[in-house]
Amino acid sequence: MKPFLSRDNLLLWLKRLLQEYTVIAPVQAWDTVLFQPVKEVEEILLNYDVSALSPKDVFFPTSETLFTFERQGGRWEARPLPEIKKQVLFGLHPCDAHGIALMDVPFLSPPADLHYQRRREATTLVGLACSRARPECFCESVGGGPQDPSHLDVLLIPTPQGYILQVRTARGAALFTGFNVEELEIDNPPPPVTTPVPVAGITEIARDTFNEVFWERLADRCIHCNLCAYVCPCCYCFDIRDYALKGRVERVRSWESCQAAGFTRLAGGYDPRPSKGARLRQRFFHKFLYYPTQFKGQVKCTGCGRCVRACPVNIDIREVASEMQRIGSRVARAA
Amino acid sequence: MKATSEEVKTSVKKLFEDGSIGHFIGYEMGSDSLRVTPCFLKSGQAASRLVWNPLCANNLSKYLLDFGKVEGKVGIMVKGCDSRSVVELLKEHQIDRDKVFIVGVPCSGIVDREKLLAVLGVSPGEVVAVEDDGDAFLVTIKEGTRRVKKEQVLRGECLVCRYPTPVIYDMLIGEAVSSLPWVGDDYSSVKELEALSSEEKERYWSSELSRCIRCYACRQSCPGCYCQQCFVDQLDPHWVGIKIAPQENHQWNTVRAFHLMGRCIECGECQRVCPVKIPLMLLNRHLLREVESKFSFQPGLSPETPPPLATFKPDEDLGI
Amino acid sequence: MLPDSPFLPLPARIQEARDLTPDVKLFRVEIEDPRARENFRHRPGQFAFLSAFGMGESPFTFASYPSPDGVLEFAIRRVGTVSSALHELEPGEAVGIRGPFGNSFPLEEYRGKNIIIIGGGIGLAPLRPVIQAVLSHREEYGELLVIYGARTPADLVFAHEFSSWGEAPRTRVELTVDRGNGDWQGRVALVPTVIKELKPSPENTITITCGPPIMIRFVLAELKALDFAPMQIVTTLESKMKCGLGKCARCNIGEKYVCQDGPVFSFSEISRFLEQG
């Protein structure tokens, strides 16, 4: 017997949530699906495949004012930060929850990033398992899966009759206080299957591919559009700049991408990473080698496939991983 | 006869062999059967990688800016729209005419991958090939072939394309196409928007531009945007900055559209790459219509015709 | 309640701003809150972010050894938007400071050794705290040789301190310029040439170098020719840094984050980096 919500009950529960929490959910926005705060339950897409952008901006906004400094008596005083109301991020797929967990590591490791931490602590994650895999999905190749409940407070698994409910944490349980959840004898639906991508062991062989001319060749087509980093659920490079306004200064943080020309350029003009190949290689190395090394963990990729879909010139992380493995084997054989 | 991949391969190989080119920029198949990727060749042997089919969406002309200092001519494959960017780059002295060998391919429409998948109800793994078949696309899938009417699955820009045949070329592969049958009043969607009230327009654009995440993919994919330092990256003066908020988003998108006024050749790459599908071409085409009506000028047709917004004649009637 | 964010700078003031060269100023910065000032302990080699409110923050290495009055010194060249904004500020004006960040020169390991400081241009600034450390604990270290050069005599930073350094026991200061002027009586040669001329011995010696990338390249070559091992040659890397916390990933070079694992590195470490920045 499993906890279960019929579709009607789910909608009832969501209506109830909306009264108490800000609910951020997948909605239809022009030709795409985006995560946005909703006013009515009817706006929520319960049966979407993939959103154009990941919900990482709930915790790491595209841009946010870190501080507002006000000029007072010859000094610059920081104003207290605005309150973050409690919120529910609803409907994210397991790959996006995995992305949030990957971002938690750098942001929350000491000294913790207060701005990220506040939003994170104010949010309960209610995920939706995937009924279909897109052709570009490969979550299973990076330790995830279409029904993986990891990193979620609640997971809903869609079935023809309704939603199997998996409450994982106390925070998730709190969303159901006073709400009647039925029990049903029901099997988990068979999860969709993703196409395997050879990511296993890539951290170990990445170094061997560093000097390959493959990177410059691949970079020939890169147009530095930043899309790969922006649509990714776990890329987190950022820039900080001041905005000078009358009597006050806003220190703003915004997304940035290591693919932008000039990302590493110093004032004065020297750039340790001037070539396109080096920049492109940095992206994949950060994902497959530097991040796992720095944080002693998994690769920084959730297999969501957004970068594959978004790249205007079809630089495909799956092909890159395969090529890196191929080069790695070749080097190992030669050794 | 429409150009085929085979003709393209043979022609390009010959161009390498007779020394006409030292490099070539074209298309090759990408990471699945419905993806095509830009391809950079240094020899005739590699020409066997080239393809030409209704998936070849990218405007390759911007890559010419990377080849300024190479030895030998650079060959490039251009569709009608792409050839107009080459004209603009020539006009604006960004490339040398005698360093480029333009291989023109008349185009009868490019497929929008997502629309095709939706209409067919299949996954890319099931598709083998997509070919041009007059007023439809012939899609070979594992079980057989399906014929899909072009208008259902064309890229937005192809629906209003006025220049299917390249306007400049050193070699043309395939028969010229004078016009595309489905193209009617090319500005109908723009006129619809223009007819709205100020308040309605403000609401429309506020809503559309609120999705902008300032990834600048539109700028990076646009052959008309090649400034060493874009105004939006300047710190001093601080025109826009990094803040992503309604006012800054408005500024970014409208100023970029103004910078392209009279220069945008409607390839539509900006809208194709936009991750949140902002209807950028509506804005660009509105401004194009302004230039056309006031100066009787269309960009991208002749490298010699000076751009009206960059030219001043003392006896010009400014209508003020 | 002030937000407890690692991005929040401490309020500080410019106590003094003095011209060292036509484009370099020495800033003496004092943290406003006495307790914060006392608790702020930096080590030679570390850096801090200075905020020119309204323009932004930039990282600058400390140019002084910690002093009892808690005043921090930075030698800042006017080269970008933040440094230019700092140059416009008058003494008494408010700035922000965040730090100290990064690793430091392992001075304890250098005890009993001979130290060679090789600086070029503004590169002397991060090395000055080491010189001050050695001079204030003179008996603990072996010989001190400072080889320092700049483009022209006017570009030599901390010129007013050279003679007092040279007066200390077992200490030598060898200056040079790329181009002299009418008044310059000293050596006219590139820094690597001076190394070649002086032929310092690698025996029980650590060299610390900082300067323009091209100078470092030739300095390394000269030191290798004199049989210095890579682990005897230490430098401080300059990287574009934004957060100082190992989060924004901008200073990621090879497997290292300059703001956490550096900016001080020996060349044996650097040679193991994947990327040679």
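In this document, chain identifiers A, B and C correspond to the written order of the chains, with residue numbering beginning at 1 in each.
Please note the rule applied: a residue touches a chain if its C-beta (ideal position, glycine included) is under 8 Å from a C-beta of that chain, and two chains touch if they have at least 3 such contacts.
Source: prediction; values computed, not measured.
Peer 1: Using only Cα atoms to place each chain's centre, name the chain farthest from chain A.
Peer 2: For chain A, the chain whose C-alpha mean is farthest off is C.
Peer 1: So which chain ends up closest to the centre of the protein, judged by Cα positions averaged per chain?
Peer 2: Nearest to the common C-alpha centre lies chain A.
Peer 1: Could you tell me the distance, in whole angstrom, between the mean C-alpha positions of chain B and chain C?
Peer 2: Going by mean C-alpha positions, chain B sits 50 Å from chain C.
Peer 1: For chain A and chain B, let me know how many angstrom lie between their CA-based centres, rounded off.
Peer 2: 31
Peer 1: Between chain A and chain C, what is the gap in Å from one C-alpha centre to the other?
Peer 2: The separation of the two C-alpha centroids amounts to 39 Å.
Peer 1: Name the residues of chain A that each touch 2 or more other chains.
Peer 2: 239, 241, 244 - these are the residues of chain A that touch more than one other chain.
Peer 1: Which residues of chain C are in contact with two or more other chains?
Peer 2: In chain C, 81 touch at least two other chains.
Peer 1: Taking each residue of chain B in turn, which ones touch at least two of the other chains?
Peer 2: Residues 235.
Peer 1: Which residues of chain A touch chain B in their complex?
Peer 2: 29-32, 34, 52-53, 61-63, 135, 217, 220-221, 223-227, 230-231, 239, 241, 243-244, 250, 252, 254-255, 262, 308, 310, 312-316, 318-319
Peer 1: What residues on chain C touch chain A, complex-wise?
Peer 2: 1-8, 11, 32, 51-58, 77, 79-83, 92-94, 96, 213, 238-240, 242-243, 245-250, 252-255, 257, 274-275, 277
Peer 1: Touching residues of chain A toward chain C in the complex: what are they?
Peer 2: 66-67, 69, 74-76, 78, 80-81, 106-107, 109, 111-115, 207, 210, 236-242, 244, 249, 251, 253, 256, 258, 263-268, 270, 272-273, 278, 282, 285-286, 289-290, 293-294
Peer 1: For the complex, which residues does chain B have touching chain A?
Peer 2: Residue list for chain B touching chain A: 30-32, 35-38, 40, 58, 62-63, 66, 123-125, 208, 211, 213-217, 220-221, 233, 235, 238, 241-245, 269, 272-273, 275-279.
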